[in-house]
Every structure is written in C-alpha cells, then in structure tokens.
Amino acid sequence: MTRRLARLPLALLVAALTVVQAPPARAQDDVAEPVGKVLTLPAKPAPHWFWLSDVLLHRTALYDGDSGKLLGTITAGSVGVGFVVWPLFSLDHREIYIPESYFSRGVRGDRTDVVTVYDATTLMPAAEIPIPPKRAEYFPGVAPNAISDDGRFVGVFNVTPAQSLTIVDVRERRFTTEIQTPGCSLVYPAGPRRFFMLCADGAALVVTLDETGQQQSAERTRPFFDAEKDPLFEAAGRHDDGWLFASFEGNVHPLDVSGEEPRFGETWSLFSDAERGAGWRIGGAQPVALHAKTGRLYLLVHEGAKDSHKQAGSAIWVYDVATRNRVAEIPVNNPLSSFVRGQMRAGRERLRDRMLVRLLDAVLPNTGAEAILVTQDAQPVLVVMSMMPPAVTVYDAQSGDILREVSEPGLAGSVLVAP
Amino acid sequence: MTRRLARLPLALLVAALTVVQAPPARAQDDVAEPVGKVLTLPAKPAPHWFWLSDVLLHRTALYDGDSGKLLGTITAGSVGVGFVVWPLFSLDHREIYIPESYFSRGVRGDRTDVVTVYDATTLMPAAEIPIPPKRAEYFPGVAPNAISDDGRFVGVFNVTPAQSLTIVDVRERRFTTEIQTPGCSLVYPAGPRRFFMLCADGAALVVTLDETGQQQSAERTRPFFDAEKDPLFEAAGRHDDGWLFASFEGNVHPLDVSGEEPRFGETWSLFSDAERGAGWRIGGAQPVALHAKTGRLYLLVHEGAKDSHKQAGSAIWVYDVATRNRVAEIPVNNPLSSFVRGQMRAGRERLRDRMLVRLLDAVLPNTGAEAILVTQDAQPVLVVMSMMPPAVTVYDAQSGDILREVSEPGLAGSVLVAP
Amino acid sequence: MSPRTPLDRVVEKLARGLARSTSRRSALARLGAWLVGAAGLPLLPVARGHAALPDDALIEGDAGDPTSCGYWRNCAIDGFLCACCGGTESACPPGTEMSPITWIGTCRNPADGNDYVVSYNDCCGSTLCMRCQCMRTEGEKPPYVLWKNNSLLWCFGTKSRAVHCSVSIVLGVAK
Amino acid sequence: MSPRTPLDRVVEKLARGLARSTSRRSALARLGAWLVGAAGLPLLPVARGHAALPDDALIEGDAGDPTSCGYWRNCAIDGFLCACCGGTESACPPGTEMSPITWIGTCRNPADGNDYVVSYNDCCGSTLCMRCQCMRTEGEKPPYVLWKNNSLLWCFGTKSRAVHCSVSIVLGVAK
C-alpha cells in the first residue's frame, strides 16, 4: 500500500462502526432501540395458519389466515431448481422437515440432497440429513414427500428417471433406505409406519417400514383406477381412516388405510349428467381439499373440455361426503381485482373499499384459481390461491364468505400446506 | 422387493426410452427430427447486441437489438444472492468472464467466489478461477468489475465491508492479488494495466498492475468531486482517452486516463438555470451512456426533488460533448403500454398496432425508465429499460425514433451491458 | 378419450414381456441407469434420412408458428417455448443442453391431418426463460404416468438440472 | 444539501485522527475485521435505558405506519419493509437474522420535529420478501460513500448473505 492510500483510510469503515457503537452520551440521545431483535413464532401453530410455496422465490411462506399477515419464510433449494417446496411437520410442531436439493454452482455443479430440519419457532435450520441425490422436482408438487403418522419417518419421492422412495428417520436424523418403486410415483402417509404411492397401472404401492425404517414390505394393490382413461388428481383429502381421491372425470375414489390391507370404497360421481354435459370439470394445480371432521369435500371446478385438468377453477364446489350431495358453490374471488387492490393497499371493509371491489370485479376478467386448502379446526377457513396474477383469498369454509385477501403473496405460488 | 412389485415393472421407464430409440421402421415414419441440437452464437457479436441482467432470474440474457429476439442466457449466482451479474468480454470476443458467488446451501452454507470463463459461442462454462469470497453485491451493479484494456486482467470490487479489489489473470486463469482499497469502491478500466476506483473523499484511486498482475502502484488522485454535496453517478461514459462522469446535480466531470497521470477536464453543466429551477435532474439505476465516436452523451432525466437520483427518467436528453449543447430530447416509451402490448404479442408496424400504441400510451401512466445503453457502431441504437413493469425499447440513437420493443424481457432487469 | 397410439401398444407389449422375469428386469434397470448416466449422448433417435417432415409453412395462423402456444406440436407441452428463448421449436438455445430423457405427446398436424408422436425435451442449464409460457395438456397425465407427465423437471443426464425452455421434436407418425 | 449531522462530524474527526498513523490503521483494520467476524454479537448499541423513543402513535397517516413506505424512519431505506414480512419496523422476521453492519440515514420525525439517526439493518436468511417494497433516498449516496449507500447487500457477519427485508432502528437524536 502506498502512502497516498493513507489519505482516506480504512478508518472510514471502522469509524462508521465505532460511531454507532458509542455515540456521545446525551440525555436526548437515550432513544436508541435495541439492535439484533428477531421475532420467533409461538410454539403451537394457530388454527388458520397456512404455508404458501413459491417457485421463483424458492421459498415457503407462513401466513396467518386470521390477519392475512406474512409471519415468516423458509428458503429452500437452488437457483432454477427447487420447484417442490413441501414442508412436513413433527407431531409436536416443534420441527419442520423439508427435502431439498442443492448444487455447488447454482444451476450446475455437484448435487447434494438433504432433508433439512428447521426449528418451527425460529424457522432456522437445526440439522441436516443427507439423502441420495435423486429427489423428483415437478410443478407444483402436492405429494412429493410425506411424514409417517407417528411423525418419525419421512418418505421422499425420487425420479432419476427411475422411480424410488427414500426413507429418512427424522428422530434419529438419518437416512435409512431407498426402496425401488418402478412405475409408481408420489407418496402419501397411511399409518404410523406406512406410505403408499400411485402407479401407472392404477394400483397403489403400499410400503410398510419396520421399527428401524427399513422396508418391511412393498405390496402393490389391485388397480383401483384407470390412469389412462380417468386418472386421479394428485391432490387428495386425508381423513382418519384414509383418503378421498378425485378423478379427472369427476369421480370420487375412497381409499381406506385404517386396516391391515387397504380397502377401496365405492366410487361416486361429483357431477350430474347435465353438469357433465355443460363441461364442468375439476382442474388446477391443487384442486382438492377435505375438512375431515365434517366430511366436507372442496373441489376447484371450471367449465372446460377434456384434458383441461390443469385449467384454473372458477368456483369451489363443496360436497357432503356422507350424503354425496353438493352443499355449496363458492365463486372464486377475482385475482386481478384482488391483485390491483393489494397494490393499492385497499381492503374490503369500508364502504369505498366495497365499491372498489364491485367496480374492479365487474371490469376485470376473472382468471380463476389454481389451489385450495381447508384448515382442520372447528371453524375452518378455505384458502384459495391464484397463480397469475398472484392472489390469495381467505374464505369462511362453512359460509363461503370472503373473510380477507392476502396482499402481495409472492411471485409464483405453487402449493398451499397446512401445518 | 416383493413379487407384487413385478406387476408393473421398471420396464415402463426402459420401454419409454426404448420405444423412442427404435420405433418400428416404416416408410411414413421417416419424419423423425434430430434430437440434441443446441444452437451456438456466431464468433463475433453483431453491432446491436446487448445483455440485460435480471436479479430475480439470476441471469444475464443476450438480445439482438435488430430483431428484439432473445439469443441466449447465462445464469450466475446463488438463490437470494447474485444481484450483480455484469459480464466482461475478451478482446477477441471468444470468452465471457463473470465474477460470481455461490453458497453450498442456497441462501446459506459455505461460500465460494469464482470468475467463471464462458465460451462466447456456446455460453457454457469453460473454466473457473477461484477468488477470495469477498465480492460486493449491490443493486444494480454498473461498475462492480472491469477488464483491463488489454483484456488480460479482471478487477473485482469487494466489500466485506472492508473495501478491496481482487485481480484475476484471465489469460493464465489465476487469481493474482487482492489490493486493499479503504474508502474506495467500484472499478473502471483505465488502460492496459490500469483500473481506477472512486473514493468517499471525491478522489479516484488509480491501481496499476505489473506484467504478472501484481500491484505496481495504488495512488489516490486529488479529490475531483464532492461525494457529499454532488456525487457522481456510477454509470459513466467511456471514450478513447477516458471517462465522462455525470453528477447528481447535473455536472459533467471529464477524466482523462490516456496519459501517465489521470487529468481532470473542466466540469460543465448539463442544465440551464431555468431547467434546474424546473427540477430537471438525472436519475435511475444506469442513467448515463456515451457514444464515443460521435461524442454524444445520453442522460436519463426527470423532474424531481433533491435526492431523487434513483427516480425513473421520463426522457433521454442527448448532448454533443464537443459543443456541450443538448442536441435531442427523446421521450421514454411508456413501459406499461409496452408491457401490455408485449403480453398481447402486438407489434408497432401495422396500422392497428399503431392505433393500439396511441390508445395505451394515452390511457396508461408513463412510469419511466431506469437504464440506458448506446451501442458503439456507426449506426448506433439506444436501448432503454424500465424495471417495473419490465420493458425494453430499442431506439435509433441518432434520430430518437423507436425501432422496436423487446417483449417479455424477464422479471427484474438490473443492468444493460454491451458486448 | 384419445385413441391408443402405437407408442401405447409398444410400451404395453414391452412392459408385459419384461414383467415376466425379475432377473431380466434388474439387468434392464442397470442398462437404464447406464443410459441415463451416459450424458451428452442423445438417447433419442438421430436423424434417419427424414424424408417427410411435416411442413409447417402450409399451416395458417398460430398452429404454424413455433413461437405460439397454439403451434400444433405443442399439444402437451408445459414450460417456455425455446423458439422464443434463442432456440427453435426443435433446438435448444445457447447456454443450455438438451435432456435426452423426455415426455411424449401425440399431436395432430393440421396440414396433413396426421397424428405425430412428439418428444418434449427440456433445455437445461439456465433459469426459467420466462418468455412464451405455454401449458397444454392434451393426453397429459399425472406424475405416476411418468412419460406422459409434463409437470416433471425432465433435465436428466444433463450437467444442469435447471430447465430453461422446452422443444417439440417430431419422432414419427402415430397411425 | 442536508445539514451535516453529528454522525458526519464524528466520522470526519475519526477519519482525520486515524489517518495520521498507518500502524494504528492496520491495528484498527484487524479490529474491524474481528468485529465484522464476530457474528451474532450486534455491533450496534444495545439498549441504553431508552427513555424517549419517538412515539409514532402521535403521527397521522403514512408517516406513522411502519408498513408504509412513507413511514418517517424509512427516509433512506431500499428494500422490503420487515413490518410487512413477519417482523416489525425494528425486528427481523422468523427465518432471518439481523446484520449488525448497516447503512445510516437521518430522518425527521414529524411528531417532535427532531432529526434522528436511523440504522437500516438487513434481515438475512431468506430470498427477497417481495412485500412492501420501498425505495427512498434522502441523503443516500453511491457505493463509494459506503455507509450511506442503500444499494449494497448489507448482510455481513450473518450466516446468510441473502437479504429478505430491512428494518429502521432509531439510534439517537441527530442535533
């Protein structure tokens, strides 16, 4: 370093630090606020919390459905990769598990797959469990990984493109085994030591683990749906005894996993012939949700042609699973209107806000919604997400009334997850 | 694996591969197109090519100003980090150099900084030169790194927050030295073996290298601007003999680096008293550009208050550096109108397109532009970028006429760079 | 319901044949893994003296425009069209490489009325192109019908797993 | 031109004093490096019995609303307001940690007419929040006036370099 460099020294940096470290003490200066404060979340999630993942921001974000507020975020995955961000939760809600893939040079380089354990109050990583670098990435990723009902084992769906299932013991913080699952994808929890996957021949592959997380059995059921003619949506409703799947053609396929062997319930149709004739179909990215205790099944529907299974929904139709009757039709809130009002920071409460809602809803085309979620408490809310423009609306799941809108809910929402 | 697994085997995968590998040979089947084809770029850049970096897509993208087409992209940097993507070019245009930072776990983990060497025709990485993990990241990053005029040494501006300059020998593919530069930031080329930085006291720090890329000298000039009262914009115009800087208050500061010692030319004002009174100011993210051969200085201007140096510009004012006269005023194309027409895939050529332009320009507010670039050929184009909504317009730099708009130019444009 | 294509029949036949023997299966699994690992070597057919490539110049409007989502070949694509990203309908842009592993669609060419088997190959190596987004789902199936699923990130056997855009390559007539 | 603040004067005095000795400077450089390295320990002042925190409840409209860009403290901020991202105007949201190294602004509180020195600390650990973006540049300078520059990614001494949002912390009265 030459002498000239001395003129304006490194001192500027140190000075900047020093000055804020020990400003001259004066009476009126005693206003300084503490630095370094970071908020933490309560130990138990509130009943209307939900997570919304975002493929462009590579994150999942926690919102409070009661306030519409963003509470915190977890970023997971590498640049350009990381479409699937589906968090799993320990039974006591103290930990969050996310299977993730990383590359040493952003879009390229050495790949490392891990299940990262996050502290659920700080949302900071607490541990990392290496797994085989085989995780599937797809959009939006509704059943890419699952946690066993006892909260101990995590299953991660792999495609290399060979299909397999990675098992992780999150209690012992270790990878236990990789199970080859040719022809079968996705993963759903089905008991304390059991997962199942769906297969191209319409069967389910039921994987049972032993106490150490090793494969005890992997048995394929008889085909219970036609994957070519009437495939099941990936999004499905979980209840105490099992799952309700809905098919592209609007048929409900109950799967009971409460017993030793999975049992297939009677399928039933969601649409009347007239509705089918009018082209009513289920569609979207995550178009199925169930409120387990009341047996209310929520489906995102639209009028469209065959193969329109990813089309945005214009309404949510609500069914009573016991009677198989439709009990409500909830129109989807206009995402463009919601987006514009979010940018304007306008609410829905005051008279002039309500007039703006009416005006914008009337003027702007309603481009529909792609994902729905229902919370599982006694006074559930229905969360409805539109991808483009990004919009999230919270409804009273029982009355169908709009409770609030979440402003600025990210850039490219993928899935909604309840903690 | 149990016997049941055998029902629908891994064969499905292999079959999928096999079937497309060797379909039954039939006459009408001889239509198959080749697979694996990847386009490459010509060895020399066309005169109106430009790069546009994007902080949300973590990339820089090459566009052809003559067609408005996207030609290719390079992704650089880690999730959530990588604000600065400023490519440098070898003299023969066969290589592109980008200083980059990577983290082993996306937003966290071990940090690795490198200068990656890309092949300019394939845009694929050819080599990687590790450097100290100290690169500055800031938005938008107009002078974050530079290449010496002989094309051999790259300088990278560091902040940890201690300021320093990393030197890389791109010919020998090695890091050579790190020079402490307290109080000085940014880096500009100033000769075959010379860079300079700008300092908080208004001086320039001139760094000269020896043949091996080691520091020969680092000398601070006398202060030539007031960094507190009238700072220089980071964006500046390069010509054969040196640089033209513009200040927040609209004064031009010429810096001649053609001789042994840098010389400071006479400063001159861009604005008349009346214009100053009306509040005309330079502003934006990259508001200064120079066409070196004709001595035309392009400035993004707006009417605004003091401290509005980042405000979007409503016009580009063009000056003849020799006479110091303003020779043109080019209004900024309406980015909202451009964005909407880009989404509609509407051009500007046909009568009905021109009517749509007029309608949208009249109806939608013009939110201005943040960055400008002028190509250095004899028939230069002026490229103007707006950040939100993302819009890029190509003008005839001499007539000021709009030549074309680039549709869908990314998500969050930061800087424009000429190859 | 779309009619069963030759692809369906061949897949089914192969599947049935291979299902008979577990030992053969695991050999095939190794072969498959090897094939997947052999990056750089396209697994899909190289040119076989293509005589009768469908001529898009005969098609009016969007169905003949490779930068349009309505382009006939795009009937089961999901992503960004490479023709808008520095590539063409069948070639990747600079800065990417083409994944040899793909999903498959069957699309009707309005020029000759024929159905063609189309391979959708991801171009991998850069973040999402974000130009000419296109999502069409003719015959598209969920991820458990893997090779008909367009949601999967199909960058396999490439240096990068990051999908930038997708091409639509005609593999043959589906009659 | 904004009036010179006590901060300016102290910085200048320190700079002048320190400039006299190169040996002292390198000792300070080491100290600085150490301070920067000592992550987790906030370098900025911890509470000193703060008696007279400016009371925002007295302010009408945007200038008193921490989720508004017009909030009085935000006069030199550039980023996303933590109050919209799960934090508050002075606390980071879960999933981030606060960078102890900051840039500084001087903002007038409309409630008492006083100018306050405000420290803008980045909350680091997650991608951009993308809510309540706010860019204000009162007294803001280019990157060569480092500690008055709001464009820099100010996540230093934190486990993560990824800035999520920024807080505005009152350090003291600037009289």
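Think of it as A, B, C and D in the order they're written, each chain with its own count starting at 1.
Simple rule for what comes next: contacts are C-beta pairs under 8 Å (C-beta built on N, C-alpha and C of every residue); 3 or more make two chains touch, one makes a residue touch a chain.
No experiment lies behind these values; they were computed from the predicted model shown.
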Least hop count linking chain C to chain D through chains in contact: 2
Winner on C-beta contact pairs when A-C is weighed against A-D: A-D
Distance between chain centroids, defined by C-alpha means - chain A, chain C (Å): 28
Inter-centroid spacing, chain B versus chain A (mean Cα positions, whole Å): 36
Touching two or more other chains - residue numbers and ranges from chain C: 25, 29, 32, 101, 125-128, 146, 162, 164
Overlap residues in chain A, where contacts from two or more other chains coincide: 1, 7-13, 56, 58, 75, 78-80, 106-108, 161-163, 180, 182-184, 199-200, 411
Parts of chain B lying in touch with chain D, wherever the complex brings them together: 56, 78-81, 83, 101, 103, 106-108, 111, 136-140, 159-163, 180, 182-186, 197-200, 227-229, 231-234, 306-310
Chain B partner contacts - residues on chain C that touch it in the complex: 6-7, 10-11, 14-15, 17-19, 22, 25, 28-29, 31-32, 35, 42-54, 84-88, 90-98, 100-102, 104, 114, 116-117, 119, 121, 123, 125-132, 146-147, 162, 164, 169-173, 175
Residues of chain A that touch chain D when the two form their complex: 1, 6-26, 28-41, 57-59, 62, 69-75, 121-124, 407-408, 410-411
Of all residues in chain B, those that touch chain A in their complex: 1-2, 4-5, 7-13, 56, 58, 75-80, 82, 100, 102, 104-109, 112, 116, 125, 128, 161-163, 180-184, 199-201, 203, 205, 217-220, 411
Touch list for chain C against partner chain A, complex: 1, 8, 25, 29, 32-33, 36, 78, 101, 125-128, 135, 137-146, 149, 151-154, 156, 159-164
